[in-house]
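One chain, subunit A, links the two complexes that follow: it is found with subunit B in the first and with subunit C in the second.
== the complex of A and B ==
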């Protein structure tokens, strides 16, 4: 059977905030733009971002982009690239106004200006008093942004391929990217989309861990596609964990619970945070609380029949306060843990929340690979959003900076690639197409090896136990062996259902391959980094080591190889912020 | 009984942007949908057409749908438990 083919000027894979904002930059041009999304665009994970987006508008408290920049550099534990951070913090302001004009219904102050709330990690005057920098559209910022961008794209006649699954990039001998092989989920038919420029905007990979706050769609597909095309992933060891997810499930229990007076206890009923952070106690920073919880569990003071979680007690706050100030907490506890939080404590464990690492790009969204002693751009390829690493979050992301990242760099990618579309399509490379088809057809194999679900569960558990919050040489080396063995087993996994129409089992198998690739990138990168920085914490190397480790990790799939590259410490126009101790 | 294909199609419709919705919708689909009355099945298919923030307000917060059939289904979904 011949493979169906379509040609567009630009192909954007992913319809979250990053992908839609990239597509929109081509709206008033005559270029033909295709957006591929495995789910309906407004069901992208961006919809979950309810907290808001940062911009130094100074509507509530004094503020400016330079203070925002300082906070972001400090938050990144000096691993973020200061040129990209300066660009993002400056662009934040016009970006938010652009969204406002496009129709995002931001919450407002009485004087009509956009309301801004205070979030952790925001300061005035380079580390001074609290700033208020986060703009929100009530409690549905992410959805409002997606909805607005989607409508605008429809108006601009962007061509949407909804419920199409991207399998692999197509490239030629010189490494130029020519488009992608995608699969129409409904009828199981492959389709080759050729494009002069391709943008990966496929979001995060939280599903690589057993306990995660990320939706099921976050399987790191774009990151893995890049890896298979020979492109490295950068800084994958940096994964942000939120300390209180529902144990074994991952749904976030907001920090607000502890803000209102809730606290953590171990199996002896002890308020253990008093030992780990005598002053801040339960309100210590996310990484400190996460590590404390895992330590309690590892040392045998965990709760439940398997001793695998701790308890978050809030019943003492009383039903009225819980209902009023913590909406949805009782329902979340009841449905996912079988516990009424107004009567009993909630079982919690750290939950994988955000991938700081990803596909290395410059601040124009162009994907970079090492070349000689420097770097070069991969012709025809861009990446933006959580799947990319530009790097503005470095070793740790600040709340509200991720929506900003996806919007600013989605836009930058769209603008830059616009300049690339005047030329002709490069000739297609049939060998690369065949390779991508082989990856798909491999799932036609019959047999009774392990199932996708079995291998996925085992892999995610091993990631949680060996590459999660608690990372010592011993735990991680042992884990890496297990993960490698599971990767070997992947080849034996067979599907039981080989039909074509809406075969979601086949999609889940393709996603599993992607999870395994991303997981290996995380585990290998983490084992090698012998220091503690931001979200990467090593009890055996508790200090940050700027002499040896102020550098970005690059992980290559072939041979699980690592390389490193320097951090950009020079901003675009202002003085560099030299490394200091990160204390709050 | 819904066909395998029908279930697979609905299964993909249960893929949402929020983990909470993924889990609630999928649990219902896998454990209860096949044996539910035809009217409830129809209500579920209709529910899947809603936007995520609306589903969140119905399933986890205080709002309820005005439509009686959706209302009944939402109440049922809110009573799901981990051992369901």
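== the complex of A and C ==
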């Protein structure tokens, strides 16, 4: 049987905000763009983003991009690259206006301008009073943005390959990326898509943890594809636990609740954040709030019969404000916690939420690998969004900066591609195609080995128990042993279902391989980093260590090898923000 | 609790049939959790799902005769045995997975994007809170398909009648103070089928998991059209 082949100028893998904003720049310039997504585009996880997107529009309170930049650098615990952060904070402003022009139904102020709310880690005047920087469409901002971007891509006649799963990148001997092998889920047929450039925009890998705000689809497919192509993942030890997931379930309750005036209480009814962050209180950075909640529960001040969560109080805001600004939260609370948030507080606990790390790129979205003493660009490969690491979030991402990251750098990748796309495709490398086919065909193996489900459950539990909010040498070393053993077992896993048509078991098997690769990157990188910085919290090394550890981790799949590279402390035009103590 | 789920694998089955599964339920269990338990027992069971919180719109199914999102349907609210079938009126691909291409084609047919003819301002296009409030109950649609696949008019004419989802989207843009294509949008809805096949049966309103009201949106379009004709 011959393999079906298609050719495009650009191939974009993933149809969330990053992929669709990259596609839009190209399709609007009449390039032939293919967007491959394993789900129908509006099912992508961008749809779940609630609170909003940061941009210093100054619609509500005084603001400028330089303050936004300071907050982001501080939020990153000085691990973010200051050139990329400056770029993002400057570009935030035109990016949000562009989205509004495209039709995003932002909430409005009386003067007709975009509504902005307060979010964690935001300040005026470099650490001064609270800022209001988060542009919101009620508490459904991601949904509003994703649908708008999909609609604009329909207008621009982007080619959509809906429900196609990407197996692996195709590359030649020089390491140039030539496209990807994908699988049409509906009929089980592989398809080779050749492209002059490929953009990985596959989102995060939150499914590596058992309790997560992340959707079923967030399995780190692009990150793992990069790893298998010999590209390292950067800063994977930095994984954000969002402070307010519904206790025991993980569904997200936006930080916007606290931005609108909600606050956390323990079993004594105490506003405990006042003790941990006297100034910012409930709007301290996410890592700070998550650790505070876990500490309260550990020290016996948790709520409920098992004392295993805290409460998020917002009923004092009044039904009108809740219905207008937080309608989705009221709905989520009712359905999943059986609580009407307009009357009672919501039970919450931290939930795995966001990968700060990912595929290393520059601020144009071009993927970078170490070369000699420096770095070089991987020809034909871009990455943007949560699967990428520019790095703008460093050790901890600020709320409202993830939608911003996907939009700014998706757009940047599209704009750079417009300049860079050459006239011709590089010749195809058949050996690489065979290798990708082998990955797919491996799942045709029959037998009675462990099932995908068994291994997946075991792996996610081991990750949760050993690479969670607090990490010690002992817990992590033990976890790494377990994870390595599970990785060994993966080879024996067999599918029971070998049918072709819409075989979701086969997709889950391919996703499991990706999860294992991403989980190993997190566990190996975390064990090595002997300091506490941002989301990476080590009770055995409680201080940040700028002398030894102000550097980015690079994890390579081959031999679980680690390497490091310096943080870019020099911004594009302004003065550098030197590291200092991070207090809120 | 007993679940009867529709099974169909085109590679081995001639027609869809119901298969019974016994599932242990727990407090707060959602229908999606139950479907995942079934998949745990039999990995060949196929259904779409993703976010698990009612925003991605992947897991619309027909439960005890009514279209719903599995992830926000509490098992405790369902009468046993729970019968789960694919959305009605669409070709079945496998088990609970249906071919939604006609539904998406109708969505694409209503020019589902903002059309602006004036040059763009440097900042946002201004919109008052009252103008923005007109979009509430419209923009929240998650394209799950519960409404259109519950609509008898859409069952008979899925190629010609836009269906409640696409018409809700049509009104979402007609209602947007920023949109400048009212004439073209209304012209494109002329004819006996696209809009006017709606017979106000209101199944769409009953099933929408986001509490939206496509029938009201269709009424607004008809009203606007009346003014337009005069």
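As a convention for this text, the second predicted complex is superposed on the first by the 480 of 584 C-alpha atoms of A that agree within 3 Å, B and C clash if a C-alpha of one lies under 4 Å from a C-alpha of the other, contacts with A are read in each partner's own complex, and residues count from 1 in each chain.
The working rule: a residue touches a chain if its C-beta (ideal position, glycine included) is under 8 Å from a C-beta of that chain, and two chains touch if they have at least 3 such contacts.
All values reported here derive from a predicted model rather than from experimental measurement.
In the superposition on chain A, no contact is made by A:580 with either subunit B or subunit C. When the two structures are aligned on the shared chain, A:39 is found in touch with subunit B and with subunit C. In the superposition on chain A, A:47 contacts both subunit B and subunit C. By the document's definition of touching, neither partner reaches A:530: not subunit B, not subunit C. By the document's definition of touching, neither partner reaches A:316: not subunit B, not subunit C.
Using the contact criterion defined above for the overlaid structures, shared-chain residue A:502 touches subunit B and also reaches subunit C. Contacts of A:217 after superposition on the shared chain: both subunit B and subunit C are touched. More residues of subunit A lie in touch with C than with the remaining chain of the pair subunit B and subunit C. Once both structures are placed on chain A, subunit A residues 39, 42-45, 47-48, 140, 143, 147, 186, 215-217, 249, 251, 328, 331-332, 335-336, 338, 499, 501-504 are touched by subunit B and, in the other complex, by subunit C. Residue ranges on subunit A touching subunit C, taken from their complex, read 39-40, 42-45, 47-48, 57, 97, 100-103, 105-114, 137, 140, 143-144, 147-148, 151-152, 154-155, 186, 215-217, 249, 251-252, 328, 331-332, 335-336, 338, 451-453, 495-497, 499-505, 508. The residues of subunit A lying in touch with subunit B in their complex are 38-39, 42-48, 139-140, 142-143, 147, 163, 185-186, 212-217, 249-251, 327-328, 331-332, 334-338, 499, 501-504, 507.
Looking at the complex, you find that subunit B touches subunit A at residues 4-5, 8-9, 11-12, 15-24, 26, 51-53, 56, 59-62, 78, 80-83. Every residue of subunit C that touches subunit A in the complex is listed here, in rising order: 9-12, 28, 39-40, 43-44, 46-58, 72, 74, 93-95, 97, 100, 104, 108, 112-114, 116, 120, 122-129, 131-132, 135, 139-140, 142-143, 173, 176, 178-179.
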